[in-house]
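These are the structures, in structure tokens.
In the two complexes below, chain A is the common chain; its partner is chain B in one and chain C in the other.
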Partner chain A sequence: MAEKMELNEVEVWDGNYAAAQALRQAQVDVVAAYPITPSTPIVENYGAFVANGYIDGEFVMVESEHAAMSGCVGAAAAGGRVATATSSQGFMLMIEVLYQASGMRLPIILNVVNRAIASPLNVRGDHGDMYAGRDSGWIQLDAFNAQEAYDLNLCAFKIGEDINVRLPVMVHQDGFLTSHTAQNVYPLSDDEAYAFIGDYKPVDEMLDFTRAVTYGAQTEEDWHYEHKAKQHRALMDSYTVIDRVFAEFKEKTGREYKRLESYLMEDAEVAIVALGSTVETALLAAKQLRESEGLKAGVVAPRVFRPFPFNEIRDALANVKAVAVLDRSCPMGAMGALFNEVSAAMYASPHRPLITNFIYGLGGRDFSLEDAKAIFREQKGHADVGYITTPLQQFSGLRGPKLGFYEMKRSK
Partner chain B sequence: MIEIRWHSRAGQGAVTGAKGLGDVVSRTGKQVQAFALYGSAKRGAAMRAYNRIDDKPIINHAKFMRPDYVLVIDPALAFTDNITENDKPETKYIITTHLDKTELIAQIPELQDKKDRVYTVDCMQISLDTIGRAIPNAPMLGAFVKVSGMFQLDEFLESMKRVLAKFPQKIIDANMEAITRAYNEVK
Partner chain C sequence: MALTSIKNLKEFSTANERFEGAHLLCPGCAHSMIVRELMNATDDNLVIASATGCLEVCTAVYPYTSWDTSWIHIGFENAATAAAGAEAMYKARKRKGTLKDPDAPVKFVAFGGDGATYDIGFQWLSGMIERGHDVTYICLDNENYANTGGQRSSATPVGAHTSTAQAGRVSYGKKQKKKDIVAIMAAHGAPYVAQLAPNKWKIMAKGFQKALETEGPCFINTVSACTTEWKFNPKDTINITDLATDSLMFPIYEIIDGRQLNILYRPKNVIPVEEYLAAQGRYKHLFKPENRHVIDMIQKEVNERWEYLQRREEAGV
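Moving on, here comes the complex of A and B:
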């Protein structure tokens, strides 16, 4: 039996430690990991918790991230509760196995501490790795601060392991900005947290020798398509379980999560759509602009990046005049991915606001309150003239000559 | 909102100091944030750590800050780092140095018009005397308690003891002494 840990009502934890504590409270059976900055402390702390008797589980040291996720797939297929963590290059090396895990419907929890992808080498936060996972068949939850990294890890186990979901779940947090920033965190007690998540219920576990099963079978054109469509449907339909788990979490803690978070949107004229810690900085900018300039600004943020909250985006932006969609990943030859998805949702809506795209914060470039305010003010300018006066894609916080692409070609 | 910027070298404990300060302050019911900007993360490289303290939850995740307090825990950084960067007319400076305050200010042109907001304390000597190693973070906390007037010394020490609870008693005692000495010696 694992030892319990006494926690204070308020702890000062960074996002990594908050995630590690959630893995401990979930009593994860197996973590197979190849540590990488900035996610290292998550698996390092899991290892320490095991060594000190706080977890009845096993830390498996492997030779690469590809092997780490492979180990997770094996342990999950065997019938255990499994988790790991990675970032950036490690995530890229895992990608092949990420698709295996979701295709085999194994509810592994992967903490992705978002970091830029080389080259050039950079250890700081942007969303390049998170975006690279968006077609991998995993549920993707996004934490904006350390508390949420803790809360969403607890929810992730309950969502992924639900018999109506049985899909792997990524919990994202921003490298350094969240992972290495200590803030007040209000944890549950070990008993409360474990009771919320519940015992792991194995499904088709390979260690059940009375009933042999196959994982990772081959299907060619006869069945592959049906399997993939079914998997897509499971991911699309998982929102019902996500909503239920978030509701149960609110009942337990008072902390409310929605698949699409909306802040100050009731009367908003302009909005920023963003992901990660930027959401909170943009919210503070919106609050200050409302007070100082009477600018009706709001913020919309996917808490769940996959399944994408398509309908909720349409509702949230139904009354705004101008929207800036912020992508913290370089789209390399296209408009930003979040911009494309938000635009697609609004194109199939009765109301079509003016939507522009900002690339920002690559490789950890700071995104300040003033940066957010400048974007809001520019949207207000668009709203007032009813036209997009700037290039459709711009770059916030970039040094050197102004860079922009495409112009609006639509009458008012 | 109170914002603090630490100037340090990697290995001197600014991150631990900033997190420790956050931990202690959170126990008084306040919201805190502690983070650091690492350069190449090599021991001895100049680096900065930051704190934000407020009554409301802190949602500003920008690294940019106009600090209310600048804490310099490496003596040489007062000369080589831009310690007055983005400061405000009321920013207070606590600088570790073996020099006399007037002597120090005379050598740093940027501090000429801020004399009444500069405080000095020899965190290096204090930590060598008490902890036995040049780890100037703990004494800096003592100096900050005095200059900021945010806490009573004894309640700060009590909270600090709980934060350090996992360490041997000898180390806890040494830290308490370091904090107390700096509290009394900062000028």
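Moving on, here comes the complex of A and C:
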């Protein structure tokens, strides 16, 4: 039996340690992992728990991230709880297997500590890896701070393993900004945390020898389409379970999560839509601007990046005049992905605010309070004149001459 | 039927039906013979991982499966890790007491083609062996990427024609030597490593049993004659394999604990490699006068290799 750990009511943990603690409390059966900055401490801390008897499961240090996810798939098909962690290049190396894991409907938990993708090589946080996962068939939860990294890991197991979901789940946090910033975290006790998640219930397991199972079959044009559509539907429909788990979590802890978080949006005239730790920066900027300039600013943030909260975006932005959508990943020849999704949601709305796109923070470039305020003020300008005065896509915090693309075409 | 009581080939080939005869492999494909022999070599439950390749695409086409056992395919390169992951889960669940039947005996096996083993999955295999998983990895070595139409692999021998190492007006086919995968796996310190062939079915069955019974990672390279890409008549699979083992193109031997090498089959009459080569379309071009030197070169290498294996065996180191 694994030794239990006595935790204080409040701990000072960074995002990585918070995630590692959640994995320990979930009593994961197999962790197959490979280190990469900035997610390495999750794996190292887990290793320390193993070395000190806090974990009963198997800890398999493999020779690459591709193997880490491959080992997770093999382990999950054998009917137990599985988790791992990675970032950036490691995430990219895993990608082939991410699709295989979701296609086989295996509820693996992957902590993605977001980091930029080479080249040029960069260890700092941006959302390149998170975005690269968006078509992979995984549920994607986004933590903005260490507490959320802990909470969302506990929720992730419960969501992914639900019999009506059976999908793998990524829990994202920002490299360094969240992963390496120590903050107050309120953990559950080991018993409470485990009781919340519950025992793992094997489905079609390879270790039940009364019933042969085939995982990873071949399907061509006769069946592949139906399988993929079914998988898509499972991901789309998973929101009901996500909502239920978030509600149960609130009941237990008082901490509330929504698939789309909205801050100061009741009377907002302008809004920023963003992901990750930036949400906290934008929210602080909104609060200060409300006080100092009377600017009715609000913030909207997908807590759940997949399944995308399409309807909730439409509702949240129903009354704003101008919106800036922030993408921390270089779209390379297109508008930002979050911008595209938000715009699509609003196009299907009778109310269409003015929407512009900001690329920002690539490779860990600081996104300051002032940057956020400047964006809010610019949106206010658009709201006042009733059209977009800037290029549709701009780069915030970039040195050198201003970079922007596409103008708004208006018919007067 | 327990294998120990099996006396003859007929009994052996019908003893266990965990691999269905209904599959899409070419008539005469040796892959299915080897797989069946492996599954016959134990009465224990099996968890099998297969790499992408002919075996996988021909045995699990939805909504059908030929596998009457636990079976998983992830990708081309990671069958070793799929099996390792399942084995790790078995250990964890056994310790925690969450297995449905904790006393059910189970063996973990991975199958990969030579492409999956020598090339793209080499690192995954190496990692699995190094970490010491209790997995038996079996390479179905048909010396080419058969599933994708017969491209070269690092297991393709010198002089063979493949679609990406072609024989032509100025080329005699593949120029590079075959990778010595058995030596590489033995060098990992794996407790049991062997090269076996399905024509010598009793030796093969024994080798498989040894691997399955040995705790820790075991590796077996098996000669798998490919009627389509080697270009011979499907009824001749075993005849071709006889020529392979009797010409010593494929010596049959094992290496215990990375050290002790035992030759498991010594042909009574060693035949010239020329006979083996002449029986297959993939070597046809070698019989042009200008390519005679290639056949001589192959024969010389085979002789030297046999000499080396015998000396290693004698030396016992």
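Convention: the second predicted complex is superposed on the first by the 410 of 412 C-alpha atoms of A that agree within 3 Å, B and C clash if a C-alpha of one lies under 4 Å from a C-alpha of the other, contacts with A are read in each partner's own complex, and residues count from 1 in each chain.
Convention: a residue touches a chain if its C-beta (ideal position, glycine included) is under 8 Å from a C-beta of that chain, and two chains touch if they have at least 3 such contacts.
As the structure is a prediction and not an experimental result, all values here were calculated from the model.
Once chain A of one complex is fitted onto chain A of the other, the partner contacts of A:Ala212 are limited to chain C, with no touch recorded for chain B. Of the two partner chains, chain C is the only one that A:Ala75 touches; chain B does not reach it.
Of the two partner chains placed by the overlay, only chain C lies in contact with A:Ala67; chain B stays clear of it. Of the two partner chains placed around the shared chain by superposition, neither chain B nor chain C is touched by A:Cys155.
Applying the stated contact rule after C-alpha superposition, one finds that A:Asn184 touches chain B and leaves chain C untouched. The contact sets of chain A with chain B and with chain C never meet. Interface residues of chain B facing chain A in the complex, by the touch rule stated above, are 18-19, 22-23, 26-27, 31-36, 57-64. Looking at the complex, you find that chain A touches chain C at residues 29-30, 32, 56-58, 60-64, 66-67, 70-80, 82, 96-97, 100, 200, 202, 205-210, 212-220, 223, 227. Those residues of chain C that touch chain A in the shared complex are 45, 47, 49, 56-57, 60-63, 65, 67-75, 77-78, 81-93, 95-96, 98-101, 104, 106, 123-124, 126-127, 130-131. Across the complex, chain B is touched by residues 10-12, 14, 145, 174, 176-178, 180-184, 277-278, 280-281, 283-284, 366-370 of chain A.
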